[in-house]
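Scrolling down, you'll hit the structures one after another.
Okay, so subunit A shows up in both of these, paired with subunit B first and subunit C after.
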Partner chain A sequence: MQRRDRQLGALYALPLGVFLALAFLAPILLVAAFSTMPAKVFSLANLPDFSAYYTVLTQGYWKSVMWSLGMALAATAILFVICWPLAYGMAKVFGRFSLVLTIGVVMTLFVSENIRLFGWVLTLMKGGLIEGYVRHWTGAGFDGLLYNVPIIVFGLCYVYLPFMLFPLAQGIAMVPDDARQAAYDLGATRWQILREIELPLAMPGILVGSLLTFVLAAGAIAETKLLGGQAVIVIAEEVETAFTYGQNWPLGAALAMVLIAIVGGIAIWGIGKADLDRMMGRR
Partner chain B sequence: MKTSRFAAWALVAYGCLILAFLYVPLVSVGLASISKARYLSFPIRRYSYDWYGEALASDTVRDLLVISLKVAGIVTVVSMVIGFLGALAFARYSWRFRKTYQKLILLPIFFPQTVLGLALLMWFNTLGVVPSWKTAVIAHLVWIAPIATLVISIRAYSFDPALEEAARDMGASTWDTLREVTIPLLMPGVVSAGLFAFLLSWGNFPLSLFTTGADSTLPEWLYAKMVAGYSPLVPTVGILTVCTSAVLLAVGLTAAWIFKRARAARVS
Partner chain C sequence: MNLTRRAFTAGLGAAGATSLLPRAARAARETELNILCWEGYNTDDVLGPFRDLHPGATVRAESGTSDPDMINKLRAGEVNVWDLINLNQPWARGQLLPEGLIKPLNKERFLPYFEKMAPEFSDPAYPLAFSPEGELIGMPQRYGPFSFVVNTDKISKEMAEDEGWKIFLDPAMAGRYGILTYDNWNLIHMCLTGDLNPFEPLDEAGFAEFDEVAKTLFKGAKLMTDDLVAMNTALINGEIDAYFTGGTYTASPARLDGLTNVRAVTPKSGPIGGKGGVVWIELTSVVNNPQGSPLAEDFLEFVQKPEICKAVGFAEGTYNPVAQMGDPEVFKLWDADELDAIQWDTLEEEMANSVEYDVVADYDKLMELYTAARRS
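Presenting the complex of A and B:
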């Protein structure tokens, strides 16, 4: 029995495993190899000189890295505060309304990200939904609300809300009601229950939600381009520019490796800590 | 310690508010799509549905639709098959590298999609493959096949291994067990994974951007028109793609509901 389980498991893992090795790991290794090549070559048949990394370090690309990480961090923190009460409601209070909320939120995920962001452009631009009607009703217009850093963070919060909300709700569902009841009976205040019981016990969900949000937001590009205009340039955009307009594959590859190292490092650390069998409900 | 009635109502109100917030941009796009003016500006003065007629009659839109459908259709079928097998390895059988395998599968989901698209473009170039909608299928699968695997795994976790063993004890071969026990039991998971796969591929932009070559999908065309040379067809085509997803999702949810009702009726 066990031997058959072992064989079948390995056999069934094969298609996806081979596919990901060929179409995910191999391209990443290729990027890593390209990042060591001299500037502006298009094949690997050159002597590696690591000059692209020197360019990354000396040409001020760290600013883009900082913008990406800083805005991702801000979005993660804001989303945690916004999503906590809602996740609490979904896990402990709502009952049937939870299902409505879940379907409503999941449906937005199936709408192309650029259509939703374009909708915000139409809403917030000068002559858009908000400014247009304010001008119509009060007679006094104002400049559009777009093209600054806070609006990019707003866009990140908007797009990645589901990725914080669902893991948080899952985490809060794991807090036993008995523990909260016991703390309450012993005279704990609402604040103490939150700090001493709910936050620590919901930690796996908090961790997964925050990591997911941070990692996705750090690699995001559309929010900055559509909502931010030229306000800042993020690292993912630098990668794209180096590959396309710059025609400098080694530089693009080196920038990509920086992003991959940060995002991949955090992701591997987080995934390593998570017990997937337990979180996905193995019996 | 029960949540007070007032607090519960406040939370529901908050939930409605967030839900409304999530749909604000779609309302704007919807309003824009029925504005008569060629250059959009709110408040809208004259409404018209002409842009819808124009969009539906346009050859460009039809070509985009065909390519998007081809990509999403193939991605759906392949994800269902790979994801079904992958989920059994993920959740059902204990084998040596299961934990490593589980973690490897999650990595593509976390990966920045634009960078993945560029990496794949370099990879296809090195292999001498000319990018077209077919390479976009590969790119979508790198991201969507793992998600399909996860969706089916949730179902596979609640699966009682004793059922398979019973079938085998009664003399069923591995293939018979798979066909008669495992596949029917996991079917609801496979179908929802298929729905997810289709919808995610249909709406995906960052993976398509670098991997479709001369072909173009609907989200790609929309993006190109958004950043350069606004066309009044953008909101219209945007709303049409959203409606397609909504209809598909509604059909899926209704089918699931009917299936559940029918089974409940059979059991009782």
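Presenting the complex of A and C:
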């Protein structure tokens, strides 16, 4: 009986499995195959020589990788600090109001990222909403606030806030109030409760939120282009350049594979740590 | 009819499979036209009248964001989809034709149109529209000088023209200019800044000079973007005083809005036979589609009509001169403000100071140096 169950399970999973293989795995395998091709070829009917990886290693592309990962890490850390109190409120304090908050945050996702970022350009630029008003009121203007690294990190935080907030709220909701109260009764300080009760128990939410934010931010490109004025070149930009102006598909594919490997490695490690089953309430 | 669930599912599968059959197996494409183009040819002002002429036909146009992006589509197998492709002049001759992605046009049908064009295109018929073997590979229409753009309230047109590209190397300009990252154009302009001819192979000293120029320019740039609106905005609000890589194509939208202090500049001198400016000229070519639509050449002929020339030249977004303005019938459709937006007053002089945008001889090596300099 159990064997039959398992067979049926495999059978039921087959359509989805085929779909995933075609829609998700096949493109990645194609990119992986292209990354092994000699430079500047446009078909897979060539002998692989892995020269694109040599180019990636020898031409300083690590700088772009580091910028992407560094800014993604910074954005993730900042978002965690910002979102923790907010998520705490949504899970434990606000009650009905958290629905309003949820709708408010989700609504921003209905507007294209580029348009929202361009709104920030108009706000932050010289003669824009902020500098324009300051100059009008005080008579003294200053240079615009755009085109630097902190503003890119700000853009990342702004765009990816929902991806940290909601998993975090979910994670905090998993912390039983009893546990907190018991700790209070036993004389724990607020700091101890945060460190020893809330953070460990909310860890699945923290991990999922951090992973989502980090992975998305590491591949982000619009924030650097629009807000940052390409003050630094991120890896996604290098991939784009290689595929378009560079007309070097293998190099673009190799750069993409490097990013996929790094981010994928971190994601798999993180998911291994997070107990997703528990988070979904199945255990 | 009694349809069992099994029969229904089988039918569904069959229907799905049919849709996977190649287009060739279905109808011939006599009533279909797909155009891959720069923005302009895809507007209703252009497509609407053509659809009226061919009521039964499905005409679609999609605009690309860069020449290489559009070429990638053809390379990735979309030669079966598109019938016309509209790109800047060197790509057709340098990449599309050698790779068999486009095919020659009917000379008898199209050569007469060259006679009505502006002198730059008619006398002799525009050379880059022809393959080395003399086949006609595309029709020119929009064009424009493309060098750099200044805010004339901060930097006078005369000074910019006299100093030319060197103005960007002036230490006083550091932090006062942007780079419009049309990468293939940046390569050309950086070569010109370093007194190099990008269309000839460079030697080691040439590469070293290019590298030096690229690093200096990237270091001094206040911002970089490939968005001309963002760049014009920064120029207008005083964040920058000039931008590297730009021309009538990028300056015209701001100029038509009345901001005529935004001006495209063509250097008076430079390293290529004394010239330092560059001009782009679009060519529209017929894609080598095995099931090509007969409407493709009809459309190419259709866009030679005066009112359609105007619609192409003055499409939403950017405004550009068209070769057909050599014909008085076409020219009279532009009013004074529109002519000022495309800097008609100095166009002839700017064209005379410019060389043709061409295939960059050491593109790969320069691109490598360029991206490395951009990272550092």
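The criterion applied here is as follows: the second predicted complex is superposed on the first by the 249 of 283 C-alpha atoms of A that agree within 3 Å, B and C clash if a C-alpha of one lies under 4 Å from a C-alpha of the other, contacts with A are read in each partner's own complex, and residues count from 1 in each chain.
Definition applied: contacts are C-beta pairs under 8 Å (C-beta built on N, C-alpha and C of every residue); 3 or more make two chains touch, one makes a residue touch a chain.
Because the structure is predicted, anything quoted here is derived from the model rather than measured.
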Tell me which partner A:119 touches in the superposition: subunit B (first), subunit C (second), both or neither. first
Which partner does A:144 reach: the first (subunit B), the second (subunit C), both, or neither? second
Classify the contacts of A:15 with the two partner chains as first (subunit B alone), second (subunit C alone), both, or neither. first
Quick check on the superposed pair: does A:225 touch subunit B, subunit C, both, or neither? Answer first, second, both or neither. both
After superposition on the shared chain, which partner residues are touched by A:128: those of subunit B (first), subunit C (second), both, or neither? both
Return first, second, both or neither, reflecting whether A:61 touches subunit B, subunit C, both chains, or no partner chain. second
After the superposition on A, what does A:31 contact: first (subunit B), second (subunit C), both or neither? first
Examine A:70 and indicate which partner it touches, taking first as subunit B and second as subunit C; both and neither are also allowed. neither
Look at A:243 in the shared chain and tell me whether it touches subunit B only, subunit C only, both, or neither; answer first, second, both or neither. both
More residues of subunit A are touched by which chain, subunit B or subunit C? B
Would you please give the residues of subunit A that touch subunit B in one complex and also touch subunit C in the other complex? 42, 118, 121, 127-128, 225-226, 243
Spell out the residues on subunit B that touch subunit A in their complex, using ranges where they run on. 1, 3, 7-8, 11-12, 14-15, 18-19, 21-29, 31-32, 40-43, 81-83, 85-86, 88-98, 101-108, 110-116, 118-123, 125-126, 138-139, 141-142, 145-146, 149-150, 153-154, 157-158, 165, 174, 199-200, 202-206, 218-219, 222-223, 226-227, 234-235, 238, 241-242, 245-246, 249, 253
Of all residues in subunit A, which touch subunit B in the complex? 1-2, 4-17, 19-20, 23-24, 26-28, 30-31, 34, 42, 44, 82, 85-86, 88-90, 92-94, 97, 101, 103-105, 107-123, 127-129, 131-133, 136, 158, 161, 180-181, 184-185, 212, 215-216, 218-222, 225-226, 236, 239-240, 243, 249, 252-253, 256, 259-260, 263-264, 267-268, 271-272, 276-277, 280-283
Can you tell me which positions in subunit C touch subunit A when the two form their complex? 66, 68-69, 71-72, 75, 178, 181, 183-184, 222-227, 230, 233-234, 237-239, 364, 367-368, 371-372, 374-376
Using the touch definition up top, name the residues of subunit A that touch subunit C in the complex. 39-40, 42, 59-61, 63-64, 118, 121, 125-128, 143-144, 146-147, 225-226, 229-231, 233, 238, 241, 243-248
